[in-house]
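When the chains are written out, they are named A, B, C and D in that same order, and each has its own residue count from 1.
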Amino acid sequence: MLDELREAAARQRRQRALKSLVLGCKRLLSGRGQMNGTPVARDLIERLDILPDDQLDGFFDYLANDLSPDPQTVLRRARAYAENPGAAELIALTRAAEPARQELLRRLNRTPGGTATVLRLRRVLLKRLPRRPELAALEADLLHLLSSWFNPGFLQMKRVDWNSPAQLLEKIILHEAVHEVDGWDDLRRRMQPDRRCFAFFHPQLPDEPLIFVEVALLPEMPDAIAPLIDKNATPLTAEDFRVAAFYGISNCEPGLRSVSLGNFLIKQVAEHLHHELPRVRTYCTLSPIPGFSAWLRAAPDLAALPGVGKAALAKLTAARATLEQASGGDLGALQSPTLLEALDAAAQDALLALAAAYLGHASPTPAGDPVARFHLDNGARLERLNPRGNMSPAGLRQSFGLMVNYLYDLDRIESSHAKFRNGAVARSRAVSGLI
Amino acid sequence: MLDELREAAARQRRQRALKSLVLGCKRLLSGRGQMNGTPVARDLIERLDILPDDQLDGFFDYLANDLSPDPQTVLRRARAYAENPGAAELIALTRAAEPARQELLRRLNRTPGGTATVLRLRRVLLKRLPRRPELAALEADLLHLLSSWFNPGFLQMKRVDWNSPAQLLEKIILHEAVHEVDGWDDLRRRMQPDRRCFAFFHPQLPDEPLIFVEVALLPEMPDAIAPLIDKNATPLTAEDFRVAAFYGISNCEPGLRSVSLGNFLIKQVAEHLHHELPRVRTYCTLSPIPGFSAWLRAAPDLAALPGVGKAALAKLTAARATLEQASGGDLGALQSPTLLEALDAAAQDALLALAAAYLGHASPTPAGDPVARFHLDNGARLERLNPRGNMSPAGLRQSFGLMVNYLYDLDRIESSHAKFRNGAVARSRAVSGLI
Amino acid sequence: MLDELREAAARQRRQRALKSLVLGCKRLLSGRGQMNGTPVARDLIERLDILPDDQLDGFFDYLANDLSPDPQTVLRRARAYAENPGAAELIALTRAAEPARQELLRRLNRTPGGTATVLRLRRVLLKRLPRRPELAALEADLLHLLSSWFNPGFLQMKRVDWNSPAQLLEKIILHEAVHEVDGWDDLRRRMQPDRRCFAFFHPQLPDEPLIFVEVALLPEMPDAIAPLIDKNATPLTAEDFRVAAFYGISNCEPGLRSVSLGNFLIKQVAEHLHHELPRVRTYCTLSPIPGFSAWLRAAPDLAALPGVGKAALAKLTAARATLEQASGGDLGALQSPTLLEALDAAAQDALLALAAAYLGHASPTPAGDPVARFHLDNGARLERLNPRGNMSPAGLRQSFGLMVNYLYDLDRIESSHAKFRNGAVARSRAVSGLI
Amino acid sequence: MLDELREAAARQRRQRALKSLVLGCKRLLSGRGQMNGTPVARDLIERLDILPDDQLDGFFDYLANDLSPDPQTVLRRARAYAENPGAAELIALTRAAEPARQELLRRLNRTPGGTATVLRLRRVLLKRLPRRPELAALEADLLHLLSSWFNPGFLQMKRVDWNSPAQLLEKIILHEAVHEVDGWDDLRRRMQPDRRCFAFFHPQLPDEPLIFVEVALLPEMPDAIAPLIDKNATPLTAEDFRVAAFYGISNCEPGLRSVSLGNFLIKQVAEHLHHELPRVRTYCTLSPIPGFSAWLRAAPDLAALPGVGKAALAKLTAARATLEQASGGDLGALQSPTLLEALDAAAQDALLALAAAYLGHASPTPAGDPVARFHLDNGARLERLNPRGNMSPAGLRQSFGLMVNYLYDLDRIESSHAKFRNGAVARSRAVSGLI
């Protein structure tokens, strides 16, 4: 009984909060918001910022339902434009078709904290989306605006090193997603002159790294991750730098999902290093193959792989048979380091051939390995497969310890990307030879 | 004959240049532009930057004609959305209705020089527009994008003073539009502690002031401009500051016309001074009345002025008669300083009454005095009329030497603005009493 | 045999190195060094920097023996000045009496790395000095020069916080000498807004903190160290700050021993906080008493303590007897926490009385407790004794867990200091009452 | 009568002011000044700063008379050291021989404004010195301290350009002593990329340039000043830079007279340009010859010139005769541009020969041309004489329009300097051939 009363009171409070939010939005969208919106926007932002995530649903509903274009008005404008496709008709149509919430969000963004609030809205919304697909159009508007505001022309690339503020380095430790940073000593090693870290920042959020990439400067293309992230490795001197290997790229801001940042960052870093270290001629990655093991164990139809001719199919089928034998019938057993170390040459080759086939069927659609898709779409080339590249539990589980180098050949990026968009994967001769 | 040949060759060159521009745009808009657009965009920007203004027409035509939404597609999407107003339909509609040139311009903006190039496109386009109204939709797109990119949340307000780089101060001298700066000595005076100057900057154009405002700190509301810009005036000390008078606001970037900057700048400066100098309680302007003389000499229909009752009409009609007599029948004669100085009290009152009536008929539509419209729409109040406030040739010509103070009462800004939007002008009792 | 040869070769190498050092010094001191000394000085510095510490003795000998003033010349000049004390005679005398090595060191200091090299020379020399007292005059010259170069007017006080470069924070961890920093988490707590850290820097060594002080902002004067350095303590908010307690002051550069830095730093920090946090009215320390236990156990002659009258002597003698009984005859046993916790009121009072007597006999000569001497000479007042203030092994060993607050009353600093110089210790009534 | 009373009152005020200054000095020098001197020093500095220049004499007298070493004490210490030249004796002697005012000035320098005050003291003192030679020892102490504090290792060289604060550029205009800057347009030209300006700053006086040098980047060694300082000259691009010509060096701080700054600045700039612009291979000056005309007209004894053999003497004597004839007996007439332009080849050669002889007799003692002395002592070489290099009134008056290039050959600087110190002038073959 008492609980019910409490619940009712809380519901009322929530409704009141929502109501005043909606009122604020209307005020901000009115003529007065146009000229004098800053205090209104500031007030709205403060209200939004104190609202717990789970109470944002009402606000999302308001944005999605009340601030969508009016179907009849758009239809009228579209007809007028179809009859007479002039400037005036087009302007009227564009205005009618743009959801009013876009203007609302732009006005929110006018105050200092605005950008952070909009990012948070999208962060929360993205979590809701799977259960509430009707919010997809709102989500599309947020992505549209954030892409415009976080375009690489507005971002600043900065080097992060041991001279950076501890506050920033702490965020690097927190967000490193590929090869976890094991405390400050580990970080310190990654900040030595033969390791580099670069991040994108937005002028409006100067202390927040948006995405960062970790680079190792090496004498040759690396074939295993352990030496790169070994805390106790002796730093190399600049004369020995020949290869820049991207060994980790991590997003810090989930609110920017699907906003293209990584591909711009990698290329800007490559260009920067190209000027700073003219001796470095090779830009590549040392990347995981997160989906390989799951794919192989799911008994895929090898014949359906793109670009696999008769001979290749025979080879791949034989490879699978070899592996099944080597693993005693359970391919999962190959995730054991002992077994992997003990594989004979034929079994090893079989593993490489199947991995090459797996990576070769990546495509611009959300199929295949996500890391492969990212780099190949970005214009990189599938360069080399490295057995026993990552013998950590995660590496064994994901890909039987295999790692891969993607090569960024600055002169061929555009053609490789085009090739990928047309359904083919750019590969080195060595990789092609595996199949 | 030779001339014709030359002309033909030049025409060919221009066509080739345009063709490669169009090709570049297509490449940038394609899938490969999405992921690897930076070099493509950079190339396009370089081509655009070397093209003389008078050769941009072909490019504008391409943007206006080829990158508008397809009428039939939009109509189809609008129908689908009207039938079933769901998220998927809306997303499809929004995409179809947005002109492809918006995406093109966003991608151009991704490279460092991009913003400057887009600004220049709009600068040139605005000059073309009067003769080529069919480009209005393109112009609307540019304004739309620039408003989003130059929103006040992204701008930095900085104080400009005698410690600022000479390079920046030189631009202030160049762009000061209200009361010309007569060389470095004049500027030096305006940079003393009892004069302030604040400008907005965009992170992407860090050396370019976008708009700046000049402020005088004074013991009381000023009634004439000459003492404020007198090079040899002795600076006041901070104890005497009670009033902050905005005496000049100048745009530096014609490509940002109609992007709201001035109103945000004035309010941000007022807030800044409010914190720095708590003794300053009054924020006002000392402003010109650029349209008064022309209006009065054009013999306006006083009866048609908004909010003018019978009694006021009689008073204004009498005032005009008084002035006509005082000027010997030619109101233009009142632009002579000698005549102005010699006016009797009745004639002076008549002049003030008519000015009050003139300023009182400002409205949100592009009617009436533009400076009045700016400040009133911005939430300021018409506070005081100052005879002989500006006896320079320009002041005499524009408004018979009259100047006006608009008062920014931070607590009433929103209500004054709302009043103005509803057709009425906020006035002090003193100004109301004049009519 | 072979060893002897090797040894001889090494000796020869060392002699050659020394010889070229001496040659370089002569060149730098010559006329050509005056005008064109930079490359010569740079070369000398490089040679010195690679010389191991244990090979600097020959160089010290050269500085001490060859670059001292010539006794006969000085005597001649002194006689001339005594006969006719005019300007010319004085200038000649001053020049003759100044050791030439001072000019040499000043010229070394003209190149970028020079200051660091001179600091290192003194660092090494100070270690040698106990065994080689004949180098004392050289040491005096180094101290003289460094005091002039590192005078507080040239130093910059900077706040160190969680936004400081990791490189700098690492040095703070390394050099904290009073209460060891236990890794980055511990440091992070000490960098929260209710803990402050300030350091002095020299413009020539911008990345090197010279000395730093740690401050806790608290609601009242602290009586124990553990809560101040507890990693998991919840930070206070600014409204609760009333007291600024200096709980650690650490030198980072042994080469600056005896150069007054700490006293200037404490006062500059107090002045800084006074402006930033007007609510903070009390500036005090929470300090160790490093020499108390050793003094007490050495059975000091209580009658010889300064300012101890008959009554006080009786009280102190009784106090010692009480403690001896409580400790079972061995005062060292009182370093056990169990025993300390179990002391009855009388024994506790006895301990405090003896500590007050110990601290009260500090004097400007190097007698008594060094920490007491530093703060009392600096103008602070002996304010409060805190039993069980530091129950760590070090605290128990040094002072049976006792800690002390010294109070910095900005208005009385000069008089307290003068009092101390005259042989008396400024004490609060509470401390005076203990004896 | 009234005047006498007023005068007496003013005298009393001055005496009181002096008395409290002296008291402050004693306090600062006492033990309490050692530890807690900052407020005392600050108070002293404030008192000194408001004292008009003409009232500093009493203070100078105090410093000179009361704070000199005691003759008998020094004599005693000197005897003790002569008897037993050990470390303790030397330390005691050094202390006794150093004037106490040095320590006083060092303590003044501990507070922020201290350095500026000490500089001002020396500025004023240097003006007094000619009439009050008894202050020479005080002056020597000031020079000694300032040389130690303004040593080049503590100074920062910064480029001054059109991006520098107007406040700084204004000081450059004010202090340019060689070729006057004619307003901001003139300055603007000197700040273009083919003109450079570098200044030394002290960390304690960050807004005050101490000395600056102006450099022109050119395709070849310049032979006239007019094109270098022509406001309307078109800037060259970087590909054409081959020669860096120092065309002006100006001190901004008279209080630093005789402190070596210029020679260090020139070399540091040369080194800086050497790295920035590897194509620039030649570093030279284009310098005035301020004393040539006065020397020549004073009928110098040519036979007494150093290094002039029989043949040379004959040549120079003939040259003088030629010039006397050409000038109609009055060598001063040669300061007329018309006459200079009309000189025949023989007379021109005569002029050059005599100028070469004049410059060749420069020596490290304060004889000969001061500019020549500066550059030759600095290690430069007399490279080329340029007739009609400066046809401005000053150029004609000083040196009949002649200018000279001194060459800075970085590899030979030390040997040229040594040569000069030994009494010979380093000259190019061309200049040697003139005599």
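As a working rule, contacts are C-beta pairs under 8 Å (C-beta built on N, C-alpha and C of every residue); 3 or more make two chains touch, one makes a residue touch a chain.
No experiment lies behind these values; they were computed from the predicted model shown.
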Quick one: which chain's Cα centre is the longest way from chain B's? C
Just how far, in Å, is the C-alpha centre of chain D from the one of chain C? 41
Here the gap between chain A and chain C, centre to centre from mean Cα coordinates and rounded to Å, is 53
Quick check: how many Å separate the C-alpha centres of chain B and chain C? 63
Check: chain B positions touching at least 2 other chains come out as none
What kind of graph do the touching chains make: line, ring, star, complete, other? ring
Chain-to-chain touches, reported pairwise for every pair that qualifies: A-B, A-C, B-D, C-D
Chain C-touching residues of chain D, taken from the complex the two chains share: 31-32, 34-36, 38-39, 64, 68-69, 71-72, 74-75, 77-79, 81-82, 85-88, 90-91, 93-94, 97-99, 106, 109-112, 114-115, 133-138, 140-141, 145, 147-149, 151-154, 156, 203-204, 260, 263-264, 267-268, 364, 377-379, 413-414, 417-418, 421
Under the touch definition given earlier, write down the residues of chain B that touch chain D in their complex. 162-167, 169-170, 183-184, 188, 191
